[in-house]
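What follows is a group of structures, each given as C-alpha cells.
Paired with chain B in one complex and with chain C in the other, chain A is shared by the two complexes that follow.
Showing the complex of A and B:
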C-alpha cells in the first residue's frame, strides 16, 4: 500500500512538564510492495513513526497518507479504526498481548474485530497458525502454557490473521535465540512474497537483517531523517552511520578491514554470507 | 488516553515545597485533611484555601499540567456537588420545579463538600508531585516508628506503599502499550454501549494482570538475591534533616487546625 508522511511532527504529552518532541520534519514515501527498514539509535523515534503509520498516534503537525486515506491531528477515531484493518502491527514483545482462553480464539480476535464471522475468523486463524509453525494439537490450549518463543509465534499469527496489506514490525525478534530470530525473519519474508499487495516496514537494531531484507533503508536520528537509500547506498557511508551510533553489517566490516589492510580491490558491500565468502575467495585467488 | 493521570507521578524540581522534609509534608497533609473535614465556617475554609494557594504557588508545578490531571477528579466533584444539592432539604426554598426543589442549605452543603474534596485532592497530589517515592517511604517509616514498639512491621508497610506508588506509572505505561496492541488488532474502546466498552477491557486487563504477577515475582527474587531481608538492622543511606522551613510549615498548619477547631466548636 502506498504511504506517505508529509512534514510530520509529533510531540508527546503536549502541555506538560514532560513534553517531548519525538519527530520533526519527517517526509517519506513508501511504495506499494516495498520492504522498508527503519534503523536508528535508541530513542531516535522509530517506534513513534511506525505508530503514526497505523493510526495509533496522530501527527501533531503535518499529515500521513495511508492508501487513499489521510490522517491529520483532527482525524476522527473511527477513521483510524479503518486504517488498522489494512495495516497490521507486531509490537516489541508481542506475546504480552495474549489474553484469550485458547490459542485459536486469541488468534481469531483480530479478524473478528474487523468484522469477520466466527467461522471465517477461525479458518484464517488456523491458516496463520500453520504459517508460523504452531501444531494443530496446541490450538485448544491456553496461550499462557506455551514457551516464550511459541507465544511470540502465536502473537504474530494473531496479527497476520487479519490479513493486513502492510505489516509493521517493531523489533520482532528481540530476545530470541539466533535460530529463532532467523526463522521468524524468514517467515515474514515468506509472507511478504506471497502477494504483490503486501508491504513490510521493519524496525530493527540488526544491520545484517536491514541489509538482507530491505529495499529501502531509513536512518533516523534524534527525531529526524538522517539518511535514506538502498542498503548499498546507506552502508557505503560507514562514517556517517558510526556518527549516529550505528554500524555496518558484519560482512561489510570484515571486507572493509580486509580492504584496509591489503589495499586490494574488494567490493565491500556484500550482505549475504555466500557473497562474502565468494568475494574473499576471489580476492585470495587474485593475490596468488 | 491515560497520559493525564498524575497520581503517583513525581515532577522533578527544587522549589521550597520540593525541599521540605517528607515528614513535615506528611504531617502537614494529615493535619490539613483532618481539619478540612472539621472546617465549616467560611473563615477556616478561607484559611485552607489560602494554604492550598500558597503551597501550590511555591511548588512551581505547571498549572496546565495540574488541571489536566484534575479532569477525572472534576467529574467526581461535580457528581458529589449535585448529590448534595438535590438531597439536602434544609433552609429556605430557593426555587421549585416539578421534579426537584432546591434549598439554600443544599447549595451551601454542595459547595462546602465540593470545595473540601477539591482542596483534598490538590494537596494530596501535591505531595506525590513534589516528593520522590523514596523520600516518601523514608518519611512514612520514620513517622511510624512508635508503632514498631507494639510489633507493627513498619518498615515492611512503608516499603509496600512505596513499591505500590512506584509502580503506578509503570502500570499505566504498560496498560497503554497493551491497549495499543489490542487496538492494532481492531479492539474498539470508544464505541458501542457501556457494556460493550467494559467488555472491551478484558483483553487489556488479563495481560496486565499476568504481567503484574510476573513482575512481582521477579522483583521479589531480585530483592532476595541482593540480600534483602526486611527492616531488622537496616541502616539508612539517606538521612532526613529537619530544617527551619519544616517548622514554619508545621506552625502554619497548626494555626489552621486551631482556627478550624475554634470556628467549629467555640464560636
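Showing the complex of A and C:
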C-alpha cells in the first residue's frame, strides 16, 4: 500500500506547558510492497511516526496519506478506524496485550472487532496461528500457559488475522533469545513475500536486521530525517551515523577497521557473514 | 583461594507436580568475588536457577542450596540470604518506585531501618559508583533505559549485599544502554568487590566473566571459562546460542584454511581480530 508523509509536523500537548514537538518537516514516500526500516535513538521520533502511519495520531500540520485516504489534523476519528484495518501494528512486547481465555479467541478478537463473523474470524485466526507456528492442540488453551516466545507468536498472529496490507513492527524481537529472534524476523519476511500488496515498516536498533531486510532505511534524529536511502547508501556514511550515536552493522565495522589498519583495497559494504569472510579471504590472499 | 559462597547440591525443581522438571540435578559452586554468567535460551531454566540464589525459590526434597554456608531451606536463614544476595530484574520500569532518583536508591535502606546519617552516606556513595551524580532530584521515569537500570543497581548496592544477581538486566535496553550498564556492572565487580552473577542470552556480555555456565532444558551443559565455551561450536549449536560475531568470522576463516588461532589464541573483540588478520597478511 502506498504511504506518504507530506510536511508532517507533530506536537504533543499543544497549548499546554508541556508542549513538545516530536516531529518536524517529515517528507517520506513508502512505495507499495516496500520494506522500510526506521532507525534512530530513543526519543528521535520513531514511535510518533509509526503512530501517525497507523492512524493512532493525527499530524499537527501537513498530511499523511495511507492508500487512497488522507489524514490531516481535522480528519474525523471514524475515518481513522478504516486506516487501522489496513495497517497492523505489532507493538513492543505485544504479549502484554493478550487477554482472552483461549488462544483462538484472542487471535480472532481483532477481525471480529473489525466486523467479521465469528466463523470467518476463527478461520482467519487459525490461518494466522499456523503461519506463526502455534500447534492446533494449543488453540483452546489459555495464552497465559505459554512460554514467552510462544505468547509473542500468538500476539503477532492476532495482528496478522485482521489481514493488514502494511505491518508496522516496533522492536518485535526485544527480549527473545537469538534463535527466537531469527525465527520471528524470518516469519515476518515470509508473510511479506506472499503478496505484492504487503509492506513492512520495521523499527529496530539492530543494524544487522536493518541491512539484511530493509530496502529503504530512514534514520531519524531529533524529530527530523537525518539520513535516508538503501542500506548501502546509509551504511556508507559511518561518520554521520556515529554523530547521532548509531553504528553500522558489525560486518561493516570489522571491514572498515581492517581497511583503516591495513590500507588495503577492501569493499566494506558487506552485510552477510559469508560475504564478509569472502572479502577478508580475498584481501588476505591478494598480493599488495 | 577465595571461599565458596554458593553451593548447590543435586537441585531439581518443577513448578507443579506432574509437570516437566525445569531444573534437573544441578550441582554448582561459586566462589567469592567471581563473575559468573549463566547463559541459555528462553526456557532453559536459567531464571529459575537464579531465584534459588536468594531464597525466592526454596528446594523441596530434591537438593540443597547453601549461600555463605546457610541452608536456604531453614526459615531463619532466608532473611539473611536475601540480604547477602540482591537481584536486579529485566524491566527497569517495574523496579523503580520513588519520585526521585535518590529516594529510589534510599528505598531499601528506609525499609530496613538504617539510621538517617548512614543512609545519606550510603545513598551518596551508591549514586557516585553508578555515575548518577547530578540526577539525584530527577524523576526516574524521565531517564533512559540504561540510566533506569543504573538507578536500580544503585539501590541494590546501597544495601551492601555480597552478591548481585542480574536476571537479563540488559535485555530490554537499546545497544547504547546495554553497553553503559555492562560498563557499570564491571565497576561493581572490580571496584566494589562484589560477586556478580549475570543471566543473559547474549554471549557478548559473557566475555568479561570468569566462567560461563551453559544451560539447556534445566541441565548444566558446560561450566568453563568464556574462551572455551565460545570455541565449542558444537555446544553453542546444541544450546541454541549465537556465537559472538568475532568467533563466527574466525571459524568461517578456519574452514577456508586460515587459522588465526595460530597467531593469537585469544581473539575476543574486533581490535584483536583486525590485529591478527594484519599479522597473518604480513606473514604471507
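What we mean here is this: the second predicted complex is superposed on the first by the 286 of 288 C-alpha atoms of A that agree within 3 Å, B and C clash if a C-alpha of one lies under 4 Å from a C-alpha of the other, contacts with A are read in each partner's own complex, and residues count from 1 in each chain.
Just so it is clear, contacts are C-beta pairs under 8 Å (C-beta built on N, C-alpha and C of every residue); 3 or more make two chains touch, one makes a residue touch a chain.
This is a predicted model, so every value here is computed, not measured.
> Would you sort A:250 into first (chain B), second (chain C), both or neither based on which partner it touches?
Second partner only, chain C.
> After lining up the shared chain so the two structures overlap, which partner does A:235 touch, if you call chain B first and chain C second: first, second, both or neither?
neither
> Name the contact category of A:56: first (chain B only), second (chain C only), both, or neither.
First partner only, chain B.
> Of the two partner chains, chain B (first) and chain C (second), which one does A:35 touch, if any: first, second, both, or neither?
In the superposition, A:35 contacts neither chain B nor chain C.
> Just to be sure I read the superposition right, which of the two partners does A:16 touch: chain B = first, chain C = second, or both, or neither?
In the superposition, A:16 touches chain B alone.
> May I ask you to decide whether A:159 touches chain B, chain C, both, or neither, giving the answer as first, second, both or neither?
Only chain B; A:159 stays clear of chain C.
> Should A:271 be classified as contacting the first partner (chain B), the second (chain C), both, or neither?
neither
> Between chain B (first) and chain C (second), which, if any, makes contact with A:175: first, second, both or neither?
It touches chain C, and chain B stays clear.
> Where on chain A is chain B touching in the complex?
Touching chain B from chain A are residues 12-13, 15-17, 51, 54, 56, 77-78, 81, 84-85, 88-89, 91, 94, 96-100, 109-110, 112-114, 144, 158-159, 162.
> Residues of chain C touching chain A in their complex?
Touch residues, chain C against chain A: 41-43, 90, 144-145, 168, 171-172, 174-176, 201-202, 240-242, 245-246, 248-249, 252-253, 256, 258, 270-271, 273-275, 277-278, 280-281, 284.
> Under the touch definition given earlier, write down the residues of chain B that touch chain A in their complex.
Touch list, chain B to chain A: 3, 11, 61-62, 64-65, 68, 177-178, 180-188, 190-191, 202-204, 206-207, 210-211.
> Which part of chain A faces chain C closely enough to touch in the complex?
It is residues 41-42, 147-149, 174-180, 205, 245, 247, 250-251, 253-254, 257-258, 261-262, 264, 273-274, 276-277, 280-281, 283-285 of chain A that touch chain C.
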